[in-house]
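Structures follow.
Presented sequentially are two complexes of chain A, the first with chain B as partner and the second with chain C.
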Partner chain A sequence: MRLRSLQRGSRIGAIAFAILTYLILIGLPTRLGAPAMSVLALLAALIFWLALRGGKSKQAFANRAPAPLFLTGTTAGFVAGLLTALLTAGFAQLLMSGVNVQPYLDKIVPMNMAALYGVMPGALVAGEAPAWGWLWQMAFVTLAGVGGALLVLIERALRQRTWSVGGATRWLAILLPFILLGFVIWLGNPAVTLGGNAKGTLRLLMAMAAIGSGLFALRAARPGREQRVLALLLFVGLACLPFTLDQFQNSVMGIVFIFVMMGLGLNIVVGFAGLLDLGYVAFFAIGAYVYAFLSAPFASPAFSSLLTSLGIPAAAPLTSFWLAIPITMVAAGVGGVLLGIPVLRLRGDYLAIVTLGFGEIIRLFMLNLSDLTNGPRGMLNIAPPYLFGYSFGNPRDIFILALLGAGVIAFTAHRLDGSRLGRAWIAMREDEDVAQATGVNLVRTKLLAFAIGALFAGLAGQLYAARQMNIFPDNFTLFVSVDTLSLVIVGGMGSIPGVVLGALALKGLPEVLRGVDEYRIVAFAALLVIMMIVRPEGILPSTRRRRELHSGNEPGAEVAPEPIRIGALTQEGGKA
Partner chain B sequence: MQWLVRGLGLLGIALLIWRVATVGLAENYPLSFWMSQAINGLVLGGVYALVALGYTLVYGILLMINFAHGEVMMIGAFTGVFALQFFTALGWMSGPTTMVILALLLIAAAGMLGSIVTGVTLERVAYRPLRGAPRLVPLISAIGASLFLQYSVLLVFGVSPRTYTKPPLLEGGFRLGDVFVPYTGVIIFGASLLLMLALYLIVQRTKLGKAMRAVAEDKGTAALMGIDVDRVIVFTFILSAALAGAAGVMLGFHNTVVKFNSGFIPGIKAFTAAVLGGIGNIPGAMVGALLLGLIEAIGPSALGIPTEYKDIIAFSVLVIVLIFRPSGLLGEVVSEKKA
Partner chain C sequence: MALLEAKAVTKIFGGLVAVGGVDLTVEERTIASLIGPNGAGKTTLFNCLTGLYRPEEGDILFDGASLVGLRSDQIVALGMARTYQNIRLFGSMTAIENVLVGQHVRLRSTPLGAIFQSPGTRREEQRAEQYARELLAFVGLAGKGDMVARNLPYGDQRLLEVARALGSRPRLLLLDEPAAGMNPRETDAMMALIHRLRDELGITILLIEHDMKVVMSISDRVSVLDYGKKIAEGRPAEVRSDPRVIEAYLGASVLAGHND
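For the complex of A and B:
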């Protein structure tokens, strides 16, 4: 028994050491400055906690006895601490002896090491590092191991008590978005000096939290009148947001909601119809470029000369933003059908690579057809939307338009979900052959999924072009597709509120965290992997999908009350 | 609807042939030009084949796209470049011929080792917990892993590209008639053929290879026959990562630089090649990759369009092939339902 604890502890320690080494290699200590070691130890404690609790089944978790737990924790901490200390001491020794490791490992600078020892960088290079510094590090990490074990015990104690909550939390969930909204508006008052420089960030974060918690509140509310009233109130609250946020915050929210529009479209293709599309950016690009052609024909050499030869002046926009909407949407929809036709017979991964190729082809055309698209120099001076002479070009109005667009698309998607077509999509997603046998016209259903998804992306693309005013082929790389797919999946495939939440989490948060720009993508990528392991159904999954993904391992308890709620919801949908 | 799709495909082929006949042949390039292009294509195709085999091996067994495979290759290339610097510092690279060959072999081995460590870790951390989950879940995890590896390398090793300096022995080449053949090309092509042969022998002739084929056929039954499925999967990842590592080092010597994102495009290309040949099918990956390499090298001049469009040609060929053979050139139609 004791031996097993020791073994397990050393294994956890080795893993923790690997993670800590990684954090040191990417230069986190430099970023943290003086308290680097204590923050790293804190992180280590969290890692130990997660590793020690195991969490595979609730039973195993409840049975953890304190003594072996502490033994495992201490061993893990000791092993990780010893290895980390040896490693940093080795690096420090190298630095002090004048070896320059930096050309090989970008972030291993004296600062990095010095932060770990809590001394000035100069002191380290001059060889004045504290002799017992590595011992301190070891002690810190060992303590973290003990702390991890303690955390497990605390969590278990908390879980064993039965909390009588019920109604109160539900009301808290419902009221939370309004509290947050109030906070956002209060922070907007110039007289309030809370948070100092971080005030803007805090406000943006709060605004996003308000929208996110609003979605949870809608889930918590009882279906029926309560939900409808809440939805109305939330809508009013949301409508206030653009007017209280400042320019930067509005522009961040604008891009978030443009991605919500995209995500809702992709959600139809991937979430409803189950067609894995990795080239979704193509339609976004088509929308943006078609609007660019309509609005700034002079930016494209070939197009403008064609127009002048036809006797149409090419110096001014051809149509207004509003008239361009149907044109871009149709163009994107045609693109969707064109992509859809050759891939009708393809399944799964074949579909993924062909769509990916399609996205790349569109981008390469934009990059290389420089006569038409002005190549890498991009289409410049695209007009913002105008209405009665009033320009909608500023971030606030773009945010409002994006909100409106997302609202319309969300409503359409919601109605489609419950329609005959939506059911055909779901049937097709589950099993194409069976769907065909029951009378679903596969060709029509598939093409409609591609076309409708593309329509929405086209609209999003047009708004994006109007927001950026200058677009370049580089704005439409594969990463846009990947981002959109990730936000759909992180939010919860097939779930409309999930898309909004996913966009807030994946597009909004990184904007807020601009300060730690370098680590943004790495953190995002790690989050994707962890999310897939811990909660593959997404943050706010559709009920169907949650049950699919948890059918095997959690019988009874969680699943049983659900059908009633679904019944109520669908009834509600049917009446409205 | 079927006739429409096929008709479009036929139309595409007809257009391609027309274009080749009117533009490509009208240019009157000498034969030696085509030959040297073809040699370039075969060299690139050989490297693609090694990477494509990695995709196909993993797909054959797990039915998942290892989206991070290009990054596994890139890390192999990075390990290789450090090994190269090490041996250059030791003075082996400018030493006698045997020394250089030994060093090159060791560099390739280092690259393979780096890739293997990455591949196995990847499998353990990002894929194994997801076994049995719906198919999109491991794909997203793989996309996450791919981004994570790319940007971790960026953070750890910095933005600046690392250069593969060719040893003097590898510089230059020989003439075959009118055609110039660089030594690196010969070595790369020969080495990839050798590695493919080795892979073939491992899969067809060894006990572990037999186990791999059994697991690819049916995991459950294989487990009942006493095969340790986890071990076989790890072994598959080792094989595919080793090939990727070798490919990474070769591509490093071919392109002379390696960067944090230099695994991405070859990865996508190799994946295209694997799909072209029929994913999950080992000979298919080789055929698809060599074909793709040739098309990319010859295509632009044959069609009389700028080389920037070579990716478009590659993807168009993929689409046309998939219209007529939805499971790739050598893929079996039976495997569709398994997915």
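For the complex of A and C:
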């Protein structure tokens, strides 16, 4: 038993060492400055916690005894600590003796090493590395191992407690969004200096937290009147938000909610119908470009000369923003059907690859049909929405429009979810053959999923074009698809509030984290990995998706003898 | 006229003739059984009948109309529904939702109707849910409608498959080993249910079954498949005493067991 703990600990330690080495080699210590070692140790503690908790099932969790747990944790910390200390001591030694390793490992600079030792960078070059620096470093990481074990015990204790949904916790959950909103408004007072330079960032973060906690509050509220009243109050609060935020904050929220619109559309395709679509950006691009043609026909050489030859003046917008809405949506919907028809017979991986190609084809069209789309020079001078002579072009109004759009789309998606079509989508996701043999017309059901998803993306694209006023093919790369898919997965596939939360986390948080610029990508990758381990169903999952991933693990779930083998549980598209 | 008439149905996988020229006739309001050793082609024939496979040769007439080339959802719409040998429910949906999916072809509501909650849609949804609860009660799952299908006990899952199939208001119900894996009490209940399906709902039944007690006591007619060919057909007593059947499938001991 003891031997196994030691073995397991060494293994975990080696893995943690690899991750820490990576973080050191990309220069994280330099960025963090003086607290580098403490932050790395904290990260290490999280890694150890994830590794030590092991199996996710409640039983595996409860059965772990503290003594072997701490032995494993300490061993892991010691191994990782010793190895990192040796590594940095080696690098420091090389630096001090004047060996130039930077051409090979360009982040190995005195700054980086000095941050790990907590000394002035000059000291290392002058050959004065602190004698006990490596020991100090090792102790820190070893402590992290102990901390990881402690975290497992704390989590276990928390899980064994059954939380009462009623009472104080529930009311706190319901009141939290309003407290946060009050905080946002209070921070808006110029006299308040809390947060100093970061005050704007703090407000943005609080605003996003208010929206996020509002979603949780809705879950905590009792269905019926309580929920309806809360929804109304939250709506009023949300309506206040654009008027209290400043330009930059509104512009961030605007883009977040444009992605909410997209995410809700993709959620129908991937979350409800289980069709993994990696080319979703295509419909966003179609929406944006169709609006560009309607609003700025003069920006397209071929289109404007065609209009002129027909005797239609091409110097002004053809339609207003509002009249363009049905046109762009129909165009995107047709695009959805056109993509849908060839991929009707494809499943899983194959579907993903074909849709990915479709997304790229549309982008390359925009790039290379220079006569029509003005190629890489883009479509310029797209008009913002106007109403009675008032321009909706500023960030605040775009945010309001995005909120409205997202609201309408969320409502539509919610209604569809509980409908005959929604049931057919879910049945199709679970078992395509059986769904068909139960009476679901797969062609119709799939095409409707693609088309409705595309409609929403088209609307989002139009709003995006109106916001940017100038669009280029580069705005519509594969990464837009990937981002949208990620936010759907992070939020919880098939869950409408989850999409909002996912967009806040994936499109909003990076703006808040501007301070650590390039490292936010690393942080995100880590966050995604951790989330997929700890909470694979997403932050705010639909009840159905929870059932799929946690069947039998839930408290109160019927203890059902697992039958020999229930069919093939296809989760295509659900894995990602 | 027979409700279902399969004429010389042939299904070939590569070089293997899974079903070779099988004729099968099922009369309205009867219970017909299909038996045969493992790999005899029973489930393949079922898959041909329900449109999952397209037979290479032969014709399948349902109420006089040919089914060959139709998609399985079109066949459901005509009035044929089935269950599966290895249970294939929509596991994360509740029992009610499973039955509602079963009713899919009988419902008319459109996406627009659902978005705007038109009175027609709302009425239809209410009626559908009502009917689903009635069907669950009929098969013996009253009060279990809101349970997630995957969490139901094995026997209940089999019953839910029947209820889901009934959702489409079928005239012919194909049951693929309905009593497989059940204990004697559950098997008796299943047999009673099959009788009630015919007597109370007027549904014609075609079933595949390995449990000879079930087959012999429940069936009006029995057809025997072996290596993709039909080797015997007739009333249970006739089939039981057919020497070819005994040789191919039943074996002397089973025959003796039924003689006492």
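Criterion: the second predicted complex is superposed on the first by the 495 of 576 C-alpha atoms of A that agree within 3 Å, B and C clash if a C-alpha of one lies under 4 Å from a C-alpha of the other, contacts with A are read in each partner's own complex, and residues count from 1 in each chain.
Operating definition for what follows: contacts are C-beta pairs under 8 Å (C-beta built on N, C-alpha and C of every residue); 3 or more make two chains touch, one makes a residue touch a chain.
Note that the structure is predicted; figures quoted are calculated from it, not measured.
Once the two complexes are overlaid on the shared chain, A:Phe183 sits clear of chain B and of chain C alike.
In the superposed model, A:Ala526 makes contact with chain B only, not with chain C.
In the superposition on chain A, contact is made by A:Gly439 with chain C only, not with chain B.
In the superposition on chain A, A:Ser419 makes contact with chain C only, while chain B stays out of contact range. Of the two partner chains placed by the overlay, only chain C lies in contact with A:Asp431; chain B stays clear of it. Number of chain A residues touched is higher for B, counting chain B against chain C.
Under the contact criterion defined above, the residues of chain A that touch both chain B in one complex and chain C in the other are 548.
Interface residues of chain C, counted against chain A in their complex, comprise 50-52, 71-73, 76-77, 81-82, 84, 86-93, 97, 100-105, 107, 109, 111, 114-117, 121, 125, 147-148, 150-154, 157, 164-165, 167-168, 181. Contact residues of chain A toward chain C in the complex are 412, 415-416, 418-424, 426-427, 430-431, 433-442, 448, 452, 544-545, 547-548, 551-552, 557-558, 560-561, 563-567, 569.
Remark: chain B residues 1-2, 4-5, 8-9, 59, 65, 82, 125-126, 129-130, 133-141, 143-148, 151-152, 155-158, 268, 271-272, 275, 279, 306, 308-309, 311-312, 314-316, 318-319, 322-323, 326-328, 336, 339 touch chain A in the complex. Those residues of chain A that touch chain B in the complex are listed here as 22, 25-27, 104-107, 270, 276, 341-350, 352-354, 356-358, 360-361, 364-365, 367-368, 443, 482, 485-486, 489, 493, 518-519, 521-522, 524-529, 532-533, 536, 548-549.
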